[in-house]
Amino acid sequence: MSIFVDDDTRVVVQGITGGEGKFHTEQMLEYGTNVVAGAVPGKGGQEVAGVPVYDTVDEAVDAEDADASVVFVPPAFAGDAVFEALDTDLDLVVAITEGIPTQDMAKVNKRLSEVDTRLLGPNCPGIITPGEAKLGILPGNIFEAGNVGLVSRSGTLTYQVVSNLTERGIGQTTAIGIGGDPIIGTSFVDALEAFEADTDTDAVVMCGEIGGEDEEQAAKFIAEHMDTPVAGFIAGRTAPPGKRMGHAGAIVSGSGTGTAESKIGALNDAGVPVGDTPNEVADHIEDFL
Amino acid sequence: MSIFVDDDTRVVVQGITGGEGKFHTEQMLEYGTNVVAGAVPGKGGQEVAGVPVYDTVDEAVDAEDADASVVFVPPAFAGDAVFEALDTDLDLVVAITEGIPTQDMAKVNKRLSEVDTRLLGPNCPGIITPGEAKLGILPGNIFEAGNVGLVSRSGTLTYQVVSNLTERGIGQTTAIGIGGDPIIGTSFVDALEAFEADTDTDAVVMCGEIGGEDEEQAAKFIAEHMDTPVAGFIAGRTAPPGKRMGHAGAIVSGSGTGTAESKIGALNDAGVPVGDTPNEVADHIEDFL
Amino acid sequence: MRLHEYQAKQVFADAGIPTPDSRLASTVEEVMDAVDEIGYPAAIKAQVHVGGRGKAGGIEIATSEAEAREAAESILGMDLKGYTVDKVLVEAGVDFENELYVGITMDRGEGEPVAMVSTEGGVDIESVAEETPEKIAREHIDPAFGLHPYQARKVVFEAGIPKDVAMDVASILTTLYDLYESKDASEVEINPVMITGDREVVAADAVMNIDEDALFRQPELAEMEDEAAGDELEAKANEYGFDYVRLSGNVGIIGNGAGLVMTTLDLVDYYGGAPANFLDIGGGAKAERVANALEMVFADENVDSVVFNIFGGITRGDEVAKGINEALAQFDEIPKPVVVRLAGTNAAEGMEILNEDLVQVESTLEDAVQRAVKNAEEVTQ
Amino acid sequence: MRLHEYQAKQVFADAGIPTPDSRLASTVEEVMDAVDEIGYPAAIKAQVHVGGRGKAGGIEIATSEAEAREAAESILGMDLKGYTVDKVLVEAGVDFENELYVGITMDRGEGEPVAMVSTEGGVDIESVAEETPEKIAREHIDPAFGLHPYQARKVVFEAGIPKDVAMDVASILTTLYDLYESKDASEVEINPVMITGDREVVAADAVMNIDEDALFRQPELAEMEDEAAGDELEAKANEYGFDYVRLSGNVGIIGNGAGLVMTTLDLVDYYGGAPANFLDIGGGAKAERVANALEMVFADENVDSVVFNIFGGITRGDEVAKGINEALAQFDEIPKPVVVRLAGTNAAEGMEILNEDLVQVESTLEDAVQRAVKNAEEVTQ
């Protein structure tokens, strides 16, 4: 089993005719993902990598019976593209785009509270259920089907941790990059909840970073609601207070919460071992299995 | 029994320090309504007719445990006042104000769909449960407690019909003016549904007018869901197409629906007798009882 | 409040919607100067608030100086369904291949604005809506968020707008919604949007109605209000702040509250009379308002008899009666018989106060209307 | 992007928020001209992006010409926590009775903006938030509707703002939200809002941070970006489009992806080294970007050793390796030892391609970091 996406997931790619959209559509198809349509205004009737393109997401969903979309639309238009997807009754929208203005996302977030669709991202690498489907830009070859769930705020750090697992022959049920922006759709807690409910997931890796309080909330959720063991990693222990490091999220406010100490402490209190190196995380997972 | 308001209803008057607000607060108090607070920004700490005034509705509700408000705020600020009331978890908000810009009301209408509060109006005379409480500007002395419910889009027409009933000794459970604006909170259907559920209401008068399709929808509701007998009246039979007559609602679009014929036909089809004169409506009600 | 075509077009053009080159003209010479600058063909369009201007002869296309002069002379000063034309818009003729419809209005039923797009522009859109509703694509707009760009595209694609101009039409729609919202419009419409031979989109007409209740925060638009527009009595009613509609009968009707006044009209009709007007004086009944209302109804030469129907509500009947007495005292002679019916609080006291030398008093609505109808019949016999 | 006080104040003043009379000055003579016009007392305030300017000597109050000159001479050109002051704002001193705080920022947890008001203005609001959070009233804002006027009033009354100025403060808050939204701010703040003896409200400071991701649609604000601001290397990184933060250690770090680069920093620390910087070159690794990154890190005199950590992801490792070779080929001599670790797609092929005459190659993150730390230790020994 897996969470959120699998063999049956039928995917629309928004922005499929752009450079990124086209490249990753080919990659997703090659991985075996069921990419059934593209959506680009004015490009309806074209084809990209054999996938039919429609003018609107609505048309694409109607024509191809899609249930998920991946957004590769440039930041200035991505908020609108996510809105379009949310208003089309999809189950899942994965927003890859980096650099969407925060106030656009605040409005998206408001709509999100009014619909049943799940949003993943933005500014995230996507989601993969190894051997079944990947939606996003994750490098499929480093993943392997297995029994460990992974959820992370970061892209390349995810790949690092996954490599450490795969090298040891530990495969993954599903790996999810939730994104590093201040406002995101799916949170750690949402993903952990789904992993807890997934009978095939025997352990979970959670990779956090400094800034915000999502990891603290996740720790609380783990302590209260999870039987599946979780191992953690927190990036940014050496980040000086007040400095922004890449992700908008990765700012330490200097006020007690949001620091690496606070997050590691909260996770430890919830019984979650936190690795000092990515490899140590794999050690903890190996111990669990 | 009654619907929406009774002896226990605790009322905040928004705009209590204005001319209209003050006058009608006195009238409501005299009628026996439980007016427990006023709300006017900057006037907190004052008293009007013995009623304490607060700066915000929130404060007023907290301090006096209110569950309904009546809005006498001038049109330019009334949309904001209604929002304030809706965001305070009241059960009922009665907006008397006439002339609120339609786009302000469209936004209020959107918020209304997100909260549990009932809005009555705007541009309505209010609601009265004779002998218990009146919220609004209805002349209390023409009403009498009894077993007939009344719902109307118009103010003075309501009074006319009520007089015709009261003169014959037929009293009312509750009388409601839903208002004549293009966008209103409580509809005919909402009120009819409540009257149907009210065991003390043995018959209902529904006074409609030309424009819109609310009466047609009400007819459908009556046919499908009501056992309580309903008598109707439709104002505007002689109105020429395309002319606006007072209420923004009272425009006949000329396209088949919204005309007096369409409404009377729909009501008749639903088994509702429609009086040619207000007095004839009272005749029908008398027949029911 | 409805803007004239030339006013709405200016608002649209200022917001970046492409419109044809045009000039406003009030005299034949101004028209000739305008066509000189604009060239031929040119459309000469009467600026009056009347539907079906074209069919009624209010729009002419001129392809030469002679035709332009002839059109100017025929249209300027003409009577168009009761309105005198004193301004025309002189506009460059557009060579078009398609005519589209775009509009935004409030959907009362849903309580939200709705955007509408159709390839069937240039004709009466109401007929399209009735006969082939599937030819109008509709998209509801959440007023909290406004019209999302994707919605504008969606409704345009759904309507089947040709792909090469679809994004331009979507962009016009987005601009229209911004205007609809920022200018407190109740309706904005372009019918037709023309697609030219060069595949440009142009707004060949412009409709913009402003919410009267929001004019207080739209001072620039409020200034555009055309005081001379429409019926003289309706203009006067506007000045007095009455809701007034002139009709064709001979029983003048004054009352308070739209529903009750409409009902009074209906009863006049029901008892065999013909209403001369709808006049709602609104809440209260101060002497001055009563006097203004009576003056207006007396001034209508069609009126033979008047019925005055007030349900006092909170306002006390004795106060209303005093107002009526004062108002009538201003007339040396009451020119037309007036039946008064007072109801509500202190109605009995009010009816006693009324000066029965000046007015006839009835205590029920039905009696009052029947008497007024009878009065009118007596005059016309 | 953070506006300078004088820029933010201009934005606020243009929107109608009352601000003290002020002039910007770059020389002592300009300061003297400014105080001449403004009068005494006058505040002379360094315009640099540094917290706690006042305590650090960056703000002086002058009550005479002599004091003004002295303040101008001491502040202009001074080094304020590493930033050279080349502009000061000369501002009329405000005679105040109370100092309030108002601000709007994004509440990440809720995903909506939050307005904050406190009577504890004029001090470090973070301390107030930590020590007496009940003294800051908060109101969340639905981004679809914006800040309702009633919400502005509510939060102001809840904060206990004196009644005679409450509506004025609410009005400032409403304006601030309009700016927050229309200018794509991530934060707007006035600390303090001063209440004068005449019970007027005045914005005595102004903070406005703009969302970098939205600068593309804020061209006027983008122009205000102060290119000379901050560290020279950080300015260069900005030019190259890198996420870069300079730190105090001696191990230079280059990588792709914020999380992975942070992790590399953490590992340097974990293995006993000290990071000299954070440098995220982002997706892909074109030769030019690699060269720019290396140039920057080599240019930092604190750096003794470099670790280059790329997880290729979709980008193939062989492509990255070619980029690194090309980039390094531009240097006659590699000034500081570079350890490269490639992972992901085609990593093995990539590591074979790498020129081991120029770089040291490691296959795991841990080994690469340990080697770089060791290289740094060797240099400093």
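Labels A, B, C and D are assigned to the chains in the order they are written; within every chain, residues are numbered from 1.
In this text, contacts are C-beta pairs under 8 Å (C-beta built on N, C-alpha and C of every residue); 3 or more make two chains touch, one makes a residue touch a chain.
As the structure is a prediction and not an experimental result, all values here were calculated from the model.
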Shared interface partners, meaning chains that touch chain A and chain D: C
Rounded Å distance between chain A and chain B, as computed from the means of their C-alpha atoms: 50
Distance from chain D to chain C - Cα centre to Cα centre, in angstrom: 56
Multi-chain contact residues (two or more partners), chain B: 107, 111
Per-residue overlap in chain D, given as positions that touch at least 2 other chains: 142, 144-145
Topology of the chain contact graph, where touching chains are joined (line, ring, star, complete, other): other
Pairs of chains satisfying the touch condition: A-C, A-D, B-C, B-D, C-D
Of chain D, residues touching chain B in the complex: 145, 148-151, 153-154, 157-158, 163, 166-167, 170
Complex interface listing, chain D residues touching chain C: 142, 144-145
Residues of chain D defined as touching chain A within the complex: 106, 108-109, 111-113, 126, 129-130, 142-144, 181, 184, 186, 211, 213-214, 216-217, 243, 245, 247, 255-263, 265-270, 275, 278, 280, 311-314, 343-345, 364-366
Residue ranges of chain B in contact with chain C within the complex: 23-24, 27, 75-76, 99-107, 109-111, 125, 137-139, 141-142, 152-160, 163, 180, 182-183, 207, 209-210, 212-213, 233, 235-240, 243-247, 249-250, 254-256, 276-279
Chain D-facing residues of chain B, complex: 41-42, 44, 55-59, 77, 80-81, 83-84, 87, 107, 111
